[in-house]
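First chain written, first letter: the chains are A, B, C and D, and each begins at residue 1.
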Amino acid sequence: MWKLEQLHIFHKYRVEICRQRAQCFAQLESPCGGGAFMYEFIDQFFVKIGRRILEQTQGWDPWAAAAVSLILTIVPILLVFPTIFALTTWAERKLLGRIQNRMGPNRVGPVGLFQPVADGIKTLTKEDIVPARADHFVHTLAPILTVIAAFLALTVLPMGRNMIPADLHIGVLFFFAVGSISEVAIFLAGWSSRNKYSLLGGMRAIAQMVSYEIPFVLSALTAVMIVGSLSTVKIVEAQTLGWVVEDPVVFTGFGERLWWFLERVWYHFGNHVLGWHVFQPWGFFGFMIFFIAALAELNRSPFDIPEAESEIVAGHHTEYSGFKFALFFMAEYISMMAICGLGVTLFLGGWNGPKILPSWGWFFLKIFVLMFVMIWVRGTFPRVRVDQLMGFAWKLLLPMSLLNIFAAGAWHHIPSRPLAWALTAVFLGSAYQILSVFVAGRNIQKRMYRYA
Amino acid sequence: MPTLADYLTLAAILFCIGLAGALTRRNAIIVLVGIEMMLNAANINLVAFWHFLPPATGTGQIFALFAIAIAGAEAAVGLALVIAVYRHFRSVSVEDIAGLKG
Amino acid sequence: MKFVFYILATWTMTSGLLAVTMRNMMHCAAALIAFFAGIAGIFFSLHADFLGAVQVIVYVGAIAVLILFAIMLTRNLTGQEGVSPFSGGAAWGWAASLAVFCAMYYSLQDHPRCAVIPEASPSLAVDEIGRLLMTRYAVPFEVISLLLTAALVGAVVLALDEPKNKPGLPK
Amino acid sequence: MPWIVENLWLIPFLPFLAAGITALFTREKRIPAAFLVIGAMAFSFLLSLCAGAHVLRAGHGGMIREAFNFTWFAYGDSAVRLGFVLDPLSAMMLFVVSFVSLLIFIFSVGYMDHDENFTRFFCFLSLFAGSMLALVIANSLLLLFMAWELVGLSSYLLIGFWFHKPSAAAAMKKAFITTRIGDIGFFIGLLWFYTETGTSLFYDGGQGSLESAKLGLIAAMGGITALSISLLIFCGAMGKSGQFPLHVWLPDAMEGPTPVSALIHAATMVAAGVFLVGRMYPLFEVDPAALRTVAYVGAFTALFAATIAMAQWDIKRILAYSTVSQLGYMMLGLGVGGYVAGLFHLFTHAFFKALLFLGSGSIIHACHHEQDIRKMGGLKDRMPVTFVTYCVGALALAGVLPFAGFFSKDEILLDAQHFAAKLGGAASVPFCFGLVGAFLTAFYMTRQVKYVFFGKARSHATEHARESSWWMLGPLAALGFMSVFAGFLGFPNEVLGFIGLNKFHHFLAPDLHAHAPSGWIMLGSTAVVLIAIFCGWKIYQGAALEAGAGDPMEARWPEVFRWLNNKYYVDEFYAKTFVWFTHALARAIHFFDRYILNLIFIWGSAGAVYVLSLINQLIDETAINRGFDGGCSTLRRGARWNRWVQNGLSQHYLRITSASIVLLFILALLLGR
């Protein structure tokens, strides 16, 4: 008898030790080591600073406090995104240079890094030319409107855990609402210049943006449907899975410990990666449609017919120079970041990611990856024709996004996840197959490449 | 705090501005614009009633939503009509479109 | 809050007046866009966020663009020189609208329910709107969708090119 | 109920699904289509193996027969019930069909390599495989008939796969119509059978139409009911299995691609008739006259087709007539009471005939679609693998000792001999015909092998023939293996103790008594076959294999050869009688329709309408028009006074509306206060 009792006590002791150890590991959460506190500190660094500053305003006049809070929201955006914009212009030129087998900017600063600064100075000091018969008021209004729209779109993007300028409960809708302003602005720019190229560019841009707005919004709708909220924060949070590791009662040896560790790593990875909507069939197709439509919404290559240099000089900003042109340029890149940010938020898990990077690090990394793909696309794809553009939007993207919504609904209602996965994947895959046959028909031939 | 009367007065003013636009301008497009403005003013009324008068069951907002949808349809058809008329008469002046014979 | 309301009221009234009185059609359209944005602001101030966003999407994003297109396609920006942008008998129109305003103002003045200020400002979540649309207002919702489809088809048919052999067509 | 029985429907469903998906593919999607179809077939094959294993495992000391029935739809009190049955017969057929189909699908990848309608081909193949598998497991008259017609349809589609060739288009129509003639009988038989038994299910826990209770009812009825139903159903089997006189479509069906010939018109579909008789065997047993008819028809067909095969030049036609002949053998076997023998021959025949057809496909593919054996020759050095496998197939077909055909043919002959001994007199005809048929079979196969593989190349295409790809040779090897060893499953008792036990017999019909093997018949048939091979070898060598030389038989008996070469003029006979009669009838009906019916109805009614319209015009012009004009002018005068309200200016209206609203408002105020 005594032996059994002893064993029992020993066992209890072992269990206690293991429990403590497991708790310790659980606190870490980050499988790659490093203190949880450290991670928390880096992750929430900016949030905490902001909170500290706001704490100081207690007891102030409410208007002043509100003003401080506003400044705290606006100033970082106005600092960070234009900086990224400058770097992006540099990176784009460098990348395109590499793709086209040339150097890209390399004179100003190390590897041409200060080129954006030089460009900025140049545009600021240039003469602001307004065509004589142009509508001066609208001509000035248009670039300002575009920039405002572009920056407003950034306000609903969660850029990290607890980091969002404004957590609106209609966040996604707000994004699209703001996005629609830029269409008007481009049209006004095109019209007010009194130049046929500008006008043509503006018209083309409107036609294109209106057409692609539909699949753009419908593809985003799937994520909204599945999460059941228009709030971007909720959508991001929904992309974290809740897998829980069961802590073992007793560690018997190194092998088991290693297994437990690997399991933890896998669960961690799964929690923060596998929940991304893009890993589900509707999410994948939704993201693809979203990304293609985003290219068109941004008037980027291969959908850059509104600014096709060889046809209509520079589209709606043909008659713009100096600072107004810089505003257009900036608006274009800011809205590119915003749209990439929305894509990341809706489909790529937002700031979710294994905790080897802080949450804001993941967000910006994903944005950079998407922007890199956009630049890459620009370097490789030829421009499409207008009829191809329209046919693609109305005959392929629109039906595909509608079917995708249907698939998302089916996903919601099928109880078994693997079954839902398989069914929607087969459904969407075959739908894509059939639609692509209808759109492309028999005209597609294998392209012959001849190399010099 | 602004009261319901303030919003209703504002809506009435905007409605009458829209009405004036529809009644006085020669260009058919501006007539349509006036009509849109009147619809918007009516929407303010709906939302204001929803906001100020209990019970807030959402009827006001949803009615406004329907009104927006109808306004959208109306604008599409109206402007298509204007374009068709322009193509036929080479004019968008409502005074030139007085006869049924064309 | 009164302050915000007055800003919005001034904004919408000014832009609305400009939209119906300016001579240049494109400026009218710009003023109209400002007017629509102001209305959206009023919706936001009334805590109807969803409606405000819809207002921006539908009016600024779609209807304003449509109007801009219509203006462009009819190519009659400033009207004929020396001809008033107002139609004959415009004075009667002003008088009629003023009379309508007087009637409305008279009726809402001193109405007992107008002075009520709610204790808590109501709010309506988006999913609640969706639920209402799909349950209580399902039939109107379907009818509206039918109407929109009909309007779409109708607009396309109306704006289609007429046969080329008719006289009086642009070449 | 075991899992496999409940899910037996999966076996045909997978190929159907693959066919459906493949139908949506574009032409360029060759590889996915092939993968999909072959993959689906492989799964079906695995499931068939499971089914077979289930039957084997459960079948010790008794036969297993499990049916899964369900109600398709009900109307009123009655319901249409469908079902699947898993018994040794269906398990055996499942194995044969899915195995041969799988191999032939793989072969087709190589054979159809250059065809632009590759995906369509695989779609049809998969459709066929699905319907054949459904046919095999059907436990209901209705389901059986549906699958029966589906295999007919897919056969039709595949024969006419190259429908741009007029001959293929004609062949597909011929096949369809000829089998349809048999199917009419089949359908009437089914309906009759359904009426008599009152159930559409074959096996239904004692209540099925093929179970003793219901069959007892039919037997008790007496008269010719059982015989009539059996013979009507046999009509369908005759059509599908190419029994005389409905055999004419089968040789023409060789217009289809060779894998199709191998799969459908040699190994599986044409055996459906035999399978049908096998499935309906309890019914046929009710009246011995029915089985006797089957035996005589089979015996006649076996001999008749074998003679034709001796004088054909087309490599595939020889094999086609050989198929007809072998199908006759199977019918003979079934008819003389050798249930197991007939089906065993079906089993082995599927392998070696598929092998022969695939071998001929390989040859044809190598010789650039040359099918005339006079233009081949000397291929044994150029295509060694094909040669070896082809010889294995030919020996198996001829029935040489260790090969598969020997055992099955011998068993049929054994049963025929017992049949003759039991009944005497004319009952010895099947046995004699079978023996002569065996001789002829060995002879024409020797002739064909000599022509194709020996001597010198007799055409340009043949000289440049090259061995086919492994896509094609792999299935050949697998089938060759089966052709050699499948026969041992039916190794008769008591000859060699250790193999012993006629495995196949025990599997298929454990409660049926097997006849003791007779050494005399074995020796006799072996002798006959060896003599035939020797004769063939001697006749077709040397000068006979030179280019441009005629057949030595033709030189000897030109008249006979001409009759045989023209297939006894059966086609011409049909053209002069049935076809001519149909044409004449159609022409007569056309005449009646055009000149007699038209005259009376069309012209008569037209005249009446014309007279009525004249009267109508008179009334219209005088009475109605004048009154209307008067009314209109009055209206116009009145309208002039209203015009000032409607001046057409929309804003004018709007203003009036606004003013009216205000007026109404004021009115309401005045009245309300």
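FYI, a contact is a pair of C-beta atoms (placed from the backbone, for glycine too) under 8 Å apart; a residue touches a chain by one contact, two chains touch by 3 or more.
Owing to the predicted nature of the structure, the values given are computational and were not obtained by experimental measurement.
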{"item": "Contact-richer chain pair [A-D vs A-C]", "value": "A-C"}
{"item": "Distance between chain centroids, defined by C-alpha means - subunit A, subunit D (Å)", "value": "59"}
{"item": "Inter-centroid spacing, subunit C versus subunit A (mean Cα positions, whole Å)", "value": "33"}
{"item": "Geometric centre distance via CA averages, subunit B-subunit A, whole Å", "value": "37"}
{"item": "Rounded Å distance, subunit B centre to subunit D centre (Cα mean)", "value": "71"}
{"item": "Multi-chain contact sites of subunit C, meaning residues that touch two or more partners", "value": "50, 54, 62, 69, 87, 92-93, 96-97, 100"}
{"item": "Multi-partner residues of subunit A (each touching 2 or more other chains)", "value": "none"}
{"item": "Contacts with two or more other chains, residues of subunit D listed in rising order", "value": "649, 651, 654-655, 658"}
{"item": "Which chain pairs touch, all of them", "value": "A-C, A-D, B-C, B-D, C-D"}
{"item": "Contacting residues of subunit C [partner subunit D, same complex]", "value": "87, 89, 92-93, 96-97, 99-100, 102-103, 107"}
{"item": "Residues of subunit D defined as touching subunit C within the complex", "value": "649, 651-652, 654-655, 658-659, 661-662, 665-666"}
{"item": "Of subunit C, residues touching subunit A in the complex", "value": "24, 26-27, 30, 33, 40, 49-50, 52-54, 56-57, 60-62, 64-65, 68-69, 72, 125-127"}
{"item": "Contacting residues of subunit B [partner subunit C, same complex]", "value": "1-10, 12-21, 23-27, 29-30, 32-34, 36-37, 40, 43-44, 47-48, 50-54, 56, 58, 61-62, 64-66, 68-77, 79-84, 86-95"}
{"item": "Interface residues, subunit C side, partner subunit B - complex", "value": "1-2, 5, 9, 12-13, 16-17, 19-21, 25, 28-29, 32, 35-36, 39, 42-43, 46-48, 50-51, 54-55, 58-59, 62-63, 66-67, 69-71, 73-74, 76, 79, 83-88, 90, 92-94, 96-98, 100-101, 104-105, 108-109, 111, 113-118, 121-122, 124, 128-129, 132-133, 137, 140-141, 144, 147-148, 150-152, 154-156, 158-159, 161-162, 168-170"}
